[in-house]
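Sharing a structure below in structure tokens format, with a few things to ask.
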């Protein structure tokens, strides 16, 4: 067969979202790829400029729909830095709990999607089933399954409901043996190793050249986790290890994500214990008037500029489930942020697609792209 | 008996072969118009059509995750015979689950046109219904009903999987009440 | 690494191209430079100072002028650094960083289509997020959002 | 026991009916209607109709069985709201697909586009007619029925490739090519494994092969052949882990991407027909067909149609194993599949032939009859 | 705590017998879910029913949320028209601009009572409106089934929202405490003309117009033409809706910290 271009996407079972992977193939070999993004570009950065600082949070949940709370956390840290607000300690612990549960939820979603890519049918449902238990926890304190709107500038919306921590421990106890089951279904099978070993190799130096972060970078043996390297929130208070693997291939990425979930469980046990022992306020005491939700915005522009709230630029960078996300919030003293810029880890991971796809087979594309864990929402924003 | 009066049976016999087929067609159409579709067969096909809706498997945005959760172990939409297929040729239900951008709009229309008749569309979530929180954005179609005809809207941001199932059941009810 | 150290390290290489290094919360500093010195700065920062990892490129429209900022990361120093340059609005172009950091490629494409800053010698300056042939630059302040127009609804049950 | 075949039943049926009609008709007509040639012709038609009904019904129940089993493997319920426990679900699917319009893509080759699925379906249905169901229940007494079954079985890649080629889609084309390569690669070990069975049984007639298993089932002495045959059948049936031609993740729906409506239903039905035939062949060749071990109480084997019942039970259990594999294994890659086929399966199947020949030569087969096992 | 465990050091679980282990795992799952899969038979079984959750948890052995709170699920709103004060705060705080204040019967004819009408085709269920509601009359309930064949049916009028309120669904119980450092409505006295607009439109009637002494006109100075009254805001009753600021014709009211 001669060379031809095929379009994998935008509607294709491999993409898990809305993007187009143009592939030039010769027989079954991939010669060149060209990802085409933007099918889910919703102008979130532009809409944010027309919204209040707190109202941007509703967009953050939808930016990355599998890791909404992590993106809320990202934005909130940047906005608080731009506005010079310090959240109370309990709120920080709650945010850490959110992010770690979200990491488990996101990785379970990744697991479900990834095993479907290599043709495993039932683990998809196991992953979704266990993710639903995590979402139940979210629902019990934020009030929604996926779009939480839980964090606020200066704290979080509400404290935990009674009985939450016991339920959380029960779910964690349920999850740990499940991880073993997942490993049995994947690592225990010879076909999985045949399918995924030495596939989609992206070496550490290539990762850094192309700005690849997160589990993909750690699978290449680079021990870099922002929670450890530059602890934000209160991550320096908790005890955990960074998951690293050798091989830089699909199996290594699987191993890293699985280990990250185990480490998240470990962090969560500590955080939940702390939350049990230390009740307290969850909202900072000094929040600008127009910050909290129960206030009317004032129609006339210019009024707030008279008040001269401190101007500033906030930069935050967190270890999102997919990698390093960054936010850059410019506060010009108005009620709306002047400019919000996000750095999506998936955006960078996808931009290196040519490096880790060329030379493999067409049938290898789904496992490799599955191991990258594409979330188009945050990539296109 | 108007149909038969127009093209009597004897006359059809008398017609030449070249004219036979259009005349027979006309007679048949008239017959169906008079008596309606076969009374026994229509309910069967209606029952079959509403109990086996194959949705198109394409994830747009947040709602796609809830869509997937609806096919997960907990809600299991397959109970109602709803099995997602990847190829539009084998689908009869397009669940638009997420924000439709102008960049993907023509592809959505193409997919809709690739689906064989009879086909239905569910707009799941607020983005598909009316653009949702992104409707002011420059790149977003304010509602998928501007592109393809929508049968059922499911509100929610995103709708729970139960709400999605409720929407599918509502569509089944609509098909049951449908008049041809 | 403190802003003063950075300035000491950068000034001899860049000369007049360097405007100054400001402190920036949570980072090593914010290097402000003239666009003529862009490529020199990128090379110095990457090779001499070891900032091997480019995290993002973004643009801000300050109406009078446009700012392009680069966030880079060094593993050894465990520090972020912002490089930022101001460009005149009517003639906004700057040297592309994708020769130094390949990861800049897509970020610069996005910045180009969003805030209308041209990157010279960029290998592949095409539209990335918005469709081909889109003439507007949405993240400019002059681009306003509005409620969608009422379009014809194709519902079967109105 | 008189040898009841499906054809003899249909001949009897048409004969009786036509003679009854002929008895009330005036003389010249009655002679014409009771003409032997006409009765044969009608019998063939009736045979076809019966075959169609039986195979369709079985296939649809099989799909239901797979959906329910798969549901339990996945911790969910599967179809349950249409009919009792979802039994009518597949009928609904079938009727719906029957009513849907068939869209022929532009630039598709209409001859291949329509004949491909139809021929695929028809050949798969013929397969069902060849196989014996119970003692004395088969479509016809054929001394080489096993060979005929396998020959018809191997038609499929041709028709799949024709329909894939003519639908003018890159994914279909790649799926069709993979399918053809895979089926051809696995034909060889499949046939060699069958040769082992034939050596032990000494016949190509499936009924004889089953009678040979009255003392011991062949899976005991021929376990290697069973493994090869099972794996080969998985590949022939295109089920996970060998379902590459319709690998959903990379090729949208494989070679049936462009097919919708009734033609898609043909593909579906033919696939499951082939799955059914595969399970039946496993039961016939290795698991003793309709016979049961001798230690089973006579009450369980003596009721009317016991043979058919036990045969179907065995078939559905074997198919359940296929479903089990589908639920727990990922799919392999094309080149790996072919490498496994040529490098592992063929030596294994040769080994099984050798073992079978050895067993027959040293005459130690009756040993298996003494071991108290399932196959006693 | 456990020692350094990384994925690298953890040996991969290597295949024992090709495919045996995953098949054993699947079979174990099959045995577990043979009698009670975790599927909820949705139209007949509902998760929001706590007794059902209890039973499911016992039957399926999964932590299905006994003791979990469902009351604060954010679904359709419930509106108590009787206590609504038409303060407009919900419409103000809606990030998606899906709330419109429409007139409802009741209230005096001069100032018709206005209650929120919500377009569920736009609402993102963020709960900002119910957080903002000072009287607690707009809450969110656990109802989530909103499918409809008509777009126009997705717009819920205040009466329809009131019906949901009367159906006594569990309502979102989270009430946010008001921060300590709330701003108050301040007056810029020289600009005020005493027009009574703020007092007239205040939904909580917390603004009273007090007489102020009319100053003596100095020679050569012209007194402003105005009514010699000034608004005084009762901070404890004020809900900070900003209506007074937006109706003030002279822009003399503003937010500020009261000394």
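Going in written order, the chains are labelled A, B, C, D and E, and every chain counts its residues from 1.
Assume a contact is a pair of C-beta atoms (placed from the backbone, for glycine too) under 8 Å apart; a residue touches a chain by one contact, two chains touch by 3 or more.
Everything quoted here is computed from the prediction, not taken from an experiment.
Student: Identify the chains in contact with subunit A as well as subunit D, in label order.
Tutor: Looking at subunit D and subunit A together, the chains touching each of them are B, E.
Student: More contacting C-beta pairs: B-D or A-E?
Tutor: A-E
Student: Grab the C-alpha centre of each chain and report whichever is closest to the global C-alpha centre.
Tutor: Answer by centroid distance: A.
Student: Just curious, how far off is subunit C from subunit B if you go by their C-alpha centres, in Å?
Tutor: Distance between chain centres: 47 Å.
Student: Using CA atom averages as chain centres, what separation in Å is found between subunit A and subunit C?
Tutor: Here the centre of subunit C sits 23 Å away from the centre of subunit A.
Student: In angstrom, rounded to a whole number, how far apart do the mean CA points of subunit D and subunit E lie?
Tutor: 61
Student: Per the centroid of Cα atoms for each chain, what is the distance between subunit C and subunit E, given in Å?
Tutor: Whole-Å distance between the two chain centres: 38.
Student: So which stretches of subunit B touch two or more other chains?
Tutor: Answer for subunit B, listing residues that touch two or more other chains: 72-74, 76, 79, 86, 88, 103, 131, 133, 135-139, 143, 145, 150-151, 157, 160.
Student: Counting only residues that touch at least two other chains, what does the list for subunit A look like?
Tutor: 12-13, 38, 41, 43, 46-47, 50, 58, 122, 124-126, 129, 147, 185-186, 189, 191
Student: Residue numbers in subunit E touching 2 or more other chains?
Tutor: 19, 22, 25-26, 29, 37-39, 41, 95-96, 124-125, 149-151
Student: List the residues on subunit B that touch subunit E in their complex, please.
Tutor: 73-76, 79, 126, 129-133, 135, 143, 145, 150-157, 159-160, 162-163, 165-167, 169-170, 174
Student: Going by the contact rule set out above, which residues of subunit E touch subunit B in the complex?
Tutor: 37-43, 46-47, 95-96, 119-125, 144-151, 154
Student: Would you tell me which residues of subunit D are touching subunit E in their complex?
Tutor: 71-77, 80, 324-325, 327-329
Student: Within the complex, which stretch of subunit A touches subunit B?
Tutor: 10-13, 15-18, 38-44, 46-47, 50, 58-59, 61-62, 65-66, 109, 112, 124-126, 128-129, 131-132, 135, 145-147, 376-377
Student: Which stretch or stretches of subunit A touch subunit D in the complex?
Tutor: Per the touch definition, subunit A meets subunit D at residues 4, 6, 8, 12-14, 28, 115-122, 124-126, 129, 185-186, 189, 191-192, 194-195, 361-366, 370.
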